[in-house]
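Look for chain A in each of the two complexes below; its partner is chain B in the first and chain C in the second.
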Partner chain A sequence: MLPSFIVIGILIVASQYVFLKGSFYKDLGLGRIGDTAVLDNYIRFFTDPFYLRTLWITIKTSALAAFFTLLLGFPVAYLIARMRSRWSMLLLAGIVVATFVTIVIKVFGLIIIFAADGWVNKMLLGLHIVDRPYTIIGNQVGVVVGLMHFTLGFGVLLLYSVIQTIPRSLEEAAQIHGASRFRMHLRVLLPLSLPGITVGSLMIFNMCMGAFTSAALLGGGRVFTLPVLIQRTVMMEVKYSMAGTLSAILLITVLLINLLSVFLLRRFRTARLVVT
Partner chain B sequence: MSYSPTNATDLVQRRNSPPPRMGFPWGRLFHYVYCSLSYIFLLAPMVVVVGASLHGGEFYTAIRFPPVEPSLRWYGEIPSSQFEALGLSFLLAGGAALGACVIGIPAALGIVRARLPGRTFISSVFRAPLQIPSIVTGIAFLQLYYLFGDATGLYFQGTFLGLYLGHLFVATPYVIGTVTAILQRFDSRLEEAALSLGASRWSTFRRVTLPVIMPGVYAGALYAFMVSFGDVPISIFLTAPGFVTYPVELFYGMENDFNPSILASASLVIFFCLLVLLGMQKLVGLDNLLRSGSR
Partner chain C sequence: MTIKRRKAATQGALIAIGLGVAASASAGEFDGVTLTIATWGGTWKSNIEEVIVPKFEAMGGKVEFVTGSPQANLAKLIAARGRAPFDVMEVLDAQEKDFFTTGDFIQNVDLSKIPNAEGLDDWQRNESRVASWNTQETICYDKGKFAELGLEPPTTYTDLINEKLAGRISIPDITSGGGLANFGAFAYAAGGDETNVQPALDLINKLDALKFWSRGGEVITQFQSGDVYAAIVHAGWCTRAKNAGANVTTAHPKINDEHTGVNKYGWLVIMKSSENTDAANWYINEYLDPEFQLRLATKAGVVPVNKEAIARLEEDPVLAEMLVLDPAKLDTQLRIDYSKADIASWNDQWNRAVTK
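== the complex of A and B ==
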């Protein structure tokens, strides 16, 4: 174990140290940085409305995507987890394939679906729902849809494992005692899966916060989330320190959310112990 | 075996079946329709990519779904650069999966078995790469290589080794996670029995431990492979022009110079993923895969 620990440890410490340190230096343009450590970049981030707006958009799109992922994913996860036939394997396979195929290909498909002369737009135009072709490239709706495609498969698998830990017999008991399907879901399934859902949604939210590919491709250079901005700051503006600052802020946000989820998980666990 | 109430209620359920229910099961129907819509949402992009790749029209009218002139034309015109990128991605992902097993299996054994102080800390260090957003990992490695290069004259960015280290970094926690999950359920008395019957440490590991953790290794290696194979945010910083992985090639292809052959190669990748999945289903079973996969 020791060699593994050393390899991973060195990689973590070295990589994180370098950019965190770099984030405290001033950018002089063309990739050169100043030679004294200052807080300039951080002050700039929290005073410049552009950066604050980026942070806000990142949080907003991630929260929306996480919410809709849960909304679409939970019934599917429930269906698969409670299915008794062999079909469940097929349904599961569909989810796993969707998780494994790289997000670039999925975004590509999305762009084709919503192409100006694609059949979705023809249909929308034909039914007079919109008067000009609707596009998802370059707006926040598109980014949210892209993020959902990034997380949905993963989210279903996560919720699937959560629901599997809830004994089916509890639901049956509720129904035998005369609870309607809806009432059973509300009073039995939901409370029991709440810890899993909470922690899972925080994980999904974190995935979205750090998601680069779908946000970059569907943002089309007009919607900036933090990961997209980080890549642009490095590749186009060659400002390594500022990119380091942005990365540090993203990292800290994500870690804080993780801490919150660990904390919540503990709370739920102790609460559960009291109940049983 | 612990007491399981499922069987008892199952019996009750079966005796009374069908359970008395009034009218048409609207709730159930709604659930099925809802799930179908979720599936359409989830799978449509991939279906569309495969469908559109079968359209053989001219360059600028080449994206059509459903295909108007079905042909396999664009499959024949996939440029060699895309095959090179695919090759690099395979090599990288395979290597990352292998390396992840080499690092991950001993790490998992250590986490579960060793009576060390600070086990939680150690295991959270091993999981840390999953907490760091990939884009941050990418830029962190890039800057590390710059610094290392300035100090020693060896620049890693745009080399296979540099790219490989980045991928290994994110791939390893998956193997650690899946193997740890299995080891925690594994009865260590099996190993003690083998040892006390005179097996050496190595043959105990090879004949007893390894077969038990194998499903976890497969699952972890599969996750590691797929994460590495589909990665953009790390690779985009660590690749160089003429030396790109397939997703990055695709990424640039979509941003800049679009070529319909992208659709064809993307379809090939989708089929490849399906094949891998089928193989895994045969090898360990999807259910096992996911049970050990939930971190």
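== the complex of A and C ==
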């Protein structure tokens, strides 16, 4: 047990400690940091509209990606979970395999599909839905799509495991008692799966908050999320302390949002809006 | 006649013996030496592996690589607190202050051991660095699309501000290899300079670029997919796009009355912590060899610093079209003076201006 704890401690706690500690010192240029602890970087972050906007873009794109991932993932997960044929396992295996494909390949696939001469734009132009090719590169829509692409497989797998725990008999009982399919989903399936959905959405949201590749490639250097800004701060400006501050704020923001969600979930449970 | 033949044969034998002795003397010159080079990956590294590495191995040594952009390698150097995990590093002129002002990271090169540096201009070699190549930063444009849209070939950056080109321009992100050089050039073209880059940001925002590319390979993909009609990119990437089937050529932008075209330099430095200085100097000399310079130019599209190699580039019709090779015209190309630039401030201003 002890060796595992030591390894995990070094990998997780020690690395976090290094950048958290570094965030309290001033950058002196060329990667050097001062020797007196100050709050300058944090003050700069919270008083500079550029940094605050970056934080907002990070939260917004992550929340939208998590929402749409769940929205699109739920029907697929439900379908697979309720399938009685052997195809369900095949579909699930397909999703698992797709999840492990590196995001760089997936994103380049998206870029090709949405290219000016790609089939999506050919179809949109052909149907006169747009009058000039639509691009997902270099805007927030593209980043959201990229994040969804990154998390959709995980989302389906998470929701599948949640739906599987809900007995099919409950759905059948509701329908026997006259509930329509829509009403059964709204009044039975959704409340029963809400704790799972909440946990799943938090996991997807957390993944999106820290995602770099999708945001960097599809943002096209025009959409800055915090991970993108951290990379630029380290690589281009060699400001390790400021990068540490940005990382710390990202970590704390994610923690706060997760704690707030758990708190709200408990409140809902107390008010019996969620079935557990 | 017979006497002459005998004399020639004797001379030939002596030369052969001499060469043999020289070869055997140098064969083990770097026995047990592992030289680590910080450079780019891909085609760049392959050229070195195919030409320089076999020669070094024949002399008993071994070459290892740390691949990445100069910025990334600088970050590794800083993280290692100056104890560089490499002996020789390729750096860009944009890193002027990082390397050449402080002198914290590098040791002197020994020009007496680099005879191939003799052909360089004085400013291209000194005790701390030796120029290794340069790029010509251009407007690479799709000839067919421009003709189809009724547009004249571009001669300035402002020629790209056109409704017909909206969303069809690709320019380098400030984090890319040519980002700073082109950003500086934009500043000059718009009336600014190294100390005032705001005019560059105003000009860039007017261009309505599709995206900012961070790796040159992206530009090739963009031309092939029809996403862009023009890109600010060095001639090497434009050449590669042309070789990949895109109908492109270069225009060397008129910056102002003094300058037409933009130039960016690469340098070789020896790290302060290196203990393989003889091998490092040998490596730099081989890098400047005309044959290697020519190979790098034809494969990677950069411009040699070796004058013999530059002259031979004119024999390549594609490179002759893409590059400016006339020494008089080369002198008018803009080179940014990074000693005057506050790069951190450039980055900060860029980030704030381009974010959507």
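Simple rule for what comes next: the second predicted complex is superposed on the first by the 257 of 276 C-alpha atoms of A that agree within 3 Å, B and C clash if a C-alpha of one lies under 4 Å from a C-alpha of the other, contacts with A are read in each partner's own complex, and residues count from 1 in each chain.
Here is the rule we go by: contacts are C-beta pairs under 8 Å (C-beta built on N, C-alpha and C of every residue); 3 or more make two chains touch, one makes a residue touch a chain.
Note that the structure is predicted; figures quoted are calculated from it, not measured.
When the two complexes are overlaid on their common chain A, residue A:Arg132 makes contact with chain C while staying clear of chain B.
In the overlay built on the shared chain, the residue A:Val254 is in contact with chain B alone; chain C does not reach it.
By the document's definition of touching, of the two partners only chain B reaches A:Tyr160; chain C does not.
Contacts of A:Leu189 after superposition: neither chain B nor chain C is touched. In the superposition on chain A, A:Arg232 contacts chain C only, with no contact to chain B. Of the two partner chains placed around the shared chain by superposition, chain C is the only one that A:Gln140 touches, whereas chain B remains out of contact.
In the superposition on chain A, A:Phe50 makes contact with chain C only, while chain B stays out of contact range. Legend: residue contacts after superposition of the two complexes on their common chain; A:Phe224 is shown touching chain C, with no touch to chain B. In the superposed pair of complexes, A:Leu110 makes contact with chain B only, with no contact to chain C.
According to the touch criterion, the shared surface of chain A, contacted by chain B in one complex and chain C in the other, consists of residues 111-112, 115, 118, 216, 234.
Within the complex formed with chain B, the residues of chain A that make contact are 1-5, 7-9, 11-12, 14-16, 18-19, 22, 72-73, 75-76, 79, 89, 91-113, 115, 118-119, 148-149, 152-153, 157-158, 160-161, 167-169, 172-173, 175-176, 180-182, 206, 209-210, 212-213, 216-217, 227, 230-231, 234, 240, 243-244, 247, 250-251, 254-255, 258. Touching chain A in their complex are the following residues of chain B: 5-6, 8-10, 12-13, 19, 27-28, 31-32, 34-35, 37-39, 41-49, 52, 63, 65-66, 103-104, 106-107, 109-111, 114, 122, 125-126, 128-129, 131-137, 139-144, 147, 165, 169, 172, 226, 229-233, 236-237, 246-247, 250-251, 254-255, 262-263, 266, 269-270, 273-274, 276-277, 281, 286-287, 289-291, 293-294.
For chain C in complex with chain A, the residues that touch the partner chain are 71-72, 74-75, 78-79, 98, 102, 104, 167, 173-175, 209-214, 221, 225-227, 343-344, 347-348, 351-352, 354-356. Residues 29-31, 50, 53-54, 111-112, 115-118, 132-133, 135, 137-140, 216, 220-224, 229, 232, 234-239 of chain A are the ones that touch chain C when the two sit in their complex.
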